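Note that subunit A is present in both complexes that follow, paired respectively with subunit B and with subunit C.
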Partner chain A sequence: MTDRLRAISGQIIAVGVALLMGAIIILLVGESPVHVLMTLLRGAFGDQEKIAGTLLQTTPILICGVAACIGLRGGMFNVGIEGQLFLGGFAAAWVGFSFSLPAGIHTLAALALAVVAGAAWVAIPAYFRARYNTNEVVSTILSNYIAVLLTSYFTIFLFKRPGGWSETPPILATAYLPEIFSFSRLNWGLFIGLVLAVGAALIFRYTSWGYGVTMVGSAPKFAEYGGVNVKRQGFVVLLLSGAVGGLAGGVETLGVHHRFMEGFAPGFGFDGLIAALLANGSPVATIVTALFFGALRSGSLLLEVDTTASREIITVIQALIILSVSAQVLIKRRGDSQAGERRWKF
Partner chain B sequence: MVSNAPGSPTLHSTAAMAVELTGITKRFGAFVANDGIDLAVRRGEIHAIIGENGAGKTTLMNILFGLLQPDEGSIRLNGEATVVADPAAAIKAGLGMVHQHFKLVPSLSVADNVFLGMEIRRHGLIDHKAQIARTQELSKRFGLHVDPTERVGLLSVGIEQRIEILKVLVRGARTIILDEPTAVLTPQESRELFQTLRSFVAEGMTVIFISHHLEEVMEVSDTVTVLRNGRKVATRPTSELSKDELVRMMVGREVSFDRRPRAAPDGDIVLDVKDLWARDDRRLPAVRGASFTVRSGEVVGIAGVAGNGQTELAEVLSGLRPASHGEAWLKGQDLTTLSPAAIREAGLAHVPGDRMVRGVDRNASIAANTLMGRQHRAPWSRNGMLDWKAIAGNAGALIKGFDIRAQGADDAVKRLSGGNIQKVVLAREFTNGADFLLIDQPTRGVDIGAQEAIHDEIMRQRAAGRAILLISVQLDELAALADRILVMFNGRIMGEVAGDDADEDRIGMMMAGVMPQLEPA
Partner chain C sequence: MEILDKLINVALIAATLRTTAPILLVALGGSFTTKAGIFNIGLEGQMLARAFFAVIGSIWTGSAFAGVACGVAAALAFALAFAVLVVTFRANEVVVGLALNILAGGMTISLMKAIFGTRGSIVGHGIVGLPKVQIPGAQALLGSWAPLISGFTPIVYVAFLAVPLLVLFYNRTRLGLYIRVVGEKPEAAEALGISITRVRYIASLLCGLLAGLAGAHLSLGYITMFTENMSSGRGFMAVAILIFSNGDPLKVLAGCLLFGFADAFSLRLQTFGFPSYLVLTVPYVVALTALFALSYRARPKIIKETLASMQKLLSADRNSAQVDKNPQ
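Up next, the complex of A and B:
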């Protein structure tokens, strides 16, 4: 219990330090931090529509966050969630506009293909990781660019809606994810995210498989010694992570845009990864951190209307959070390490 | 002050001692890594520091190099009392250290690496030509063959080590500390390294050389200091020492265990190893044709100075390292063809020598640690679902049964002492119903009380009919527990001694690689 408390307080202090530095930067650009904060809060939680808007932004971050958590649990850094999201989004849209199926089944079929697309996309780096021990961080990052440009190609050259922007034809209404309220595009995707987060936490905690994966992530040599197939579990975990990343794209297409557009979901994959890191790899805690990032995104819409600060200040604050959370982790590791190694562990 | 350029005169060039450590004590918590160690290294000698893993060699050198501060004791360098506050101070005083793990930039050239942080400049720019020339000159002078223009990322470990040595040289070191330098080298590279070390002393420099390899210590050093359990055993001129004397000083008999009473084992053969070969991480043969059997109700001990193939043997038998040749039969299955999981199914329990890395997840709870290896077995798991109540209940019972000093099953393993962590490992492995127990260094770094308890437990397992292979570098432990002792040297089993008349001299000679004369029966 004390360990968990220490971990949580560490993250909170890191976020606090980041916000404080953000406040200083806001001062430097000649705005009042209090005013910016109030505007952010109003923009994120001001009325029911704003709250729904925040939850709408939270949904893809949460699903991508769960995808990242699954990877992190097994010691795998899936930085390719963005690309898996794009391919999943396109795959779902393709099922949505190319086939005519009964409502419900159509949605499920589209989501299923999104899952397959995400998993298939990460399978390439995952295979090279398992077979040749290539660093999955590098290969998944690089796979993002290919995925984004590949979906652009599909959209512009193969499936472009005649006369429209760089987007596919709209999907049929039978493939929509139902909306929750009449006044917002917020949809069942949020529930999918919540179920995934809780489900992932339960699987890691209460199944034999989850135990093995957790050990691969936290003590790989111990897991190997205990008979867990470290390479295979690393592969499986990356595949699952990619599958959930693909699902995030499908949810975004079927629930919000109802078509695939070039650049339809900028940065959700990366935000999800950051949310997962801030949550220490815990899927349930990712619900909170995803909400935090969702609120930042949605609140920032009001920033440029009501303050002189640019909404890019949000990007700055996110960057500061990444830095302070990483610093916090390093400081902790330093305390854990043997005295002799200390000086060399930077 | 001490000069930075090799070969130039210094104020204290007349001092006979390059390094004098007096009464150095260093504690980590309750563990005493160095206990009042005195060490004097004469100028111009190769001084070997030898001892088993955990004897305190690296800690002592880290203190000398300013990486650690001693709790007690003082340091004199070149006759002058010195506080070595950090490595920068050590370098300034003419010390240089080559660590076990290299710190090189793979994308830079050899010369750039050598001069990293102290680049030769010309008009404000790095003078690559001068750096290359200087690297070449030093490399010729000391036989450290490198191509200064080559990129480090393309080079072998042996050459990387030469670069590390060059780095130390250009920083003006007159006393060079090498921490187990041969551990990563091939025999050929080791010989070349020794040539280099001799050329250092020929130029009046001093070398401190950490090792646990007898052969090379005998070959290259002028003086040997033996450490054991954090204390100094002796400092002696190498020429006055024989290998088996050295072995005896290393393994010693600090704690003398009494031989445990027993009946002669008469069980069936459980483990049958036939002509087993395996390579180490350098791809060199580490186990060379080992053959032996272990019976039910028998403890077979493996003695040997660390690094003679015991680790690799244990890894092959547990499926963590492939065998390059040979067989190991456990109840009708050849272990060399099975995965670690399948070997556990076949009936192996394994207490690993590298307890902290292999034996536990330090950050997980005792309950989670006792689950490893049985997470797919009832009653801990049914239909893939874990029953944490049963797991915690079992962990609680193990804590009681094995007298593990912890608050409860939820305690993180890292909060426990070394002895209690080992008890967690033993508790898990000894209760998984396996017929064959592979026990590697069961009492390393464990306090004496816990050692007795662990020995009791091993004897209980023997009485229960388990076949036990006990690998230990402590002779007295083997003499107390083993029915037969096999001695490993250089990957081979040199011979066998009955536990009842374990003769320290005979075992010591075999550990040093000397075949004893066969006595007529």
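Up next, the complex of A and C:
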């Protein structure tokens, strides 16, 4: 328990250091850090609509974060969540506008195809990673660019809404994810994210398969001697991670936009990965970090209106947080280099 | 045939050389870190930051070369941050690299808004581009083929000249040898008394130097402007090249020419009315295919090596068995 407390407090100190550096950068950009912070807080938690907005931003980050956690646990960096998100989003929209099915079933079918699309998109990099040890970081990053361009092509050349610009026709109401409140677009996607996070945590904790995944991630030799098929498991882990990434896109389409459009969810995949890294690969802790990043994103919308700073200042803060967290172990135990390396290898 | 003539001609080859230069510089820079055993995924963001600061430097000083110097200075700062975190703090290089990429993206946009009050791109404002070098006598010597060697910005020449220089550097200099030893057998380097930390710092900074030029080429070379995320994955393609070339300068050159050609060719296809979204995927598809194909090709070697080592083990077993038998 003291270990866990120390880990959490270290994480919080690192976030604090990063926020301090962020404050310096805000000063350099010519704004008052206090004003920016208050604006961020007001934008994220100012009233019930703002809070719902924060949760709305949290949802895709959380689902992408769970996707990243699954990969990280198994020792895989799925940096392609962004691409899986886009394809999943498009697949769900396609089911939503080209079929008519009973309510409920329509939603499930669309989400199912989103899952399949996400998994299929990561299948080739996953296969080569498992079989020939091709670096998955680079192959998934490159596939992101293709995914974004490909979905844009589908949207603009094949399925454009007549009279519209770079968006598909709207999906039928039967495929909507139900909204929770009347005053916000916040929808059941949030529950899907929470269930996924808790479910993933339970699987990693209580099933032998989950234990095997964690072992492959932290000690592959040990796992292999223990009888785990390391290659096949690496493939399955990346596929699952991609499936959840695709689901995130489906939820975003069915719950928020009700259509697919160019640039429909920019950066959620990367935010999810960062949230998972900050949570050290724990799906439950990802709920907290995703909420943190969701609040930053939601607050940054007001930032653009009320200050001269650009909303991208929050991505600077996010990057600083990750950098200082990745370095914090050594600040504490400089001599012990092994600890520093193990920290991020899961 | 006429279409083929229109698609493939001297202009296309010249365009290939132009598009190859930035990715070649980044990849050659990355070859230092690759050889020193560091996986540097942060090339993309470093290139972006450099392109931005090169533009800033060019506007402030009114000189393209001061702009390049400014970009290189920013590059070295990024490379130093990377080295401090990865080498001294031993943080995970993938995490640090990705975070630096995100930092570069956010920082350039934030600073652009703060300095110019705009979003999207910086055009005009008195950006001075790099001059083009006209080689005297090229026209007389090569006639219509002259664009192949003349009329590029100085950075293009630097990029291609760097290839043979790097070959010499790795094979003929002490530092080059040290970098290779540190990457391939750090234990041996340590036993020889080579400071792994110092060599990796030097490699990171050299990487920053070369890739800084690449960023400057993006924003001050053939178009004099800065756009959000204008490096558009070229840094990642360089990383892909580094993976399958193992940082060898000649193989890096071959890979970069392939991507440069894909890049130039896809721009050509666009003018022929192919949907731009599909055409733009071509360089990425080429990069991925090359990455997969070459890792597939590396497979027989792995199997052979495993077989060889198993045979060695077996024969060693037999020898030791014989040794066991002899005393009886």
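Points to keep in mind about this one:
The rule is short, and it goes like this: the second predicted complex is superposed on the first by the 328 of 346 C-alpha atoms of A that agree within 3 Å, B and C clash if a C-alpha of one lies under 4 Å from a C-alpha of the other, contacts with A are read in each partner's own complex, and residues count from 1 in each chain.
We adopt the following convention: a residue touches a chain if its C-beta (ideal position, glycine included) is under 8 Å from a C-beta of that chain, and two chains touch if they have at least 3 such contacts.
All of these numbers come straight from a predicted model, not from anything done at the bench.
After superposition on subunit A, the partners subunit B and subunit C are seen to clash.
Contact comparison for subunit A: of subunit B and subunit C, C touches the greater number of residues. In the superposed pair of complexes, A:Leu150 makes contact with subunit C only, with no contact to subunit B. Judged by the touch definition given at the top, the superposed model places A:Ser218 against subunit B, while subunit C stays out of reach.
Touch criterion not met for A:Phe191: it reaches neither subunit B nor subunit C.
With both structures placed on the common chain, the touch criterion links A:Trp165 to neither subunit B nor subunit C.
Applying the stated contact rule after C-alpha superposition, one finds that A:Phe183 touches neither subunit B nor subunit C. When the shared chain is aligned, subunit C comes close enough to touch A:Phe77, but subunit B does not. When the two complexes are overlaid on their common chain A, residue A:Trp209 makes contact with subunit B while staying clear of subunit C.
Look at A:Tyr132: by the touch rule set out above, it reaches subunit C but stays clear of subunit B. The clash between subunit C and subunit B in the overlaid arrangement falls on one stretch of those listed (164-172, 218-226, 254-262 or 290-298), that is 164-172. Overlap of the subunit B and subunit C interfaces on subunit A comprises residues 340, 343-344.
By the touch criterion stated above, subunit A contacts subunit C in their complex at residues 25, 28-30, 77, 79, 124, 128, 132-135, 137-139, 141-143, 145-146, 149-150, 152-153, 156-157, 270, 273-274, 277, 308-310, 312-316, 318-320, 322-323, 326-327, 329-331, 337, 340-341, 343-345.
Listing the residues of subunit C that touch subunit A in their complex gives 39, 41, 81, 85, 88-92, 94-96, 98-100, 102-103, 105-107, 109-114, 117, 119, 232-233, 236-237, 239-240, 243, 275, 277-278, 280-281, 284-285, 287-288, 291-292, 295-296, 298-299.
Residues of subunit B that touch subunit A in their complex: 28, 58-59, 62, 67-68, 86-87, 103, 318, 320, 339-344, 350, 352, 354, 357-364, 368, 371-373, 375-376, 381, 384-386, 388, 412.
Chain contact summary for the complex, subunit A toward subunit B: residues 3, 205-212, 215, 218-219, 221-229, 338-340, 343-344.
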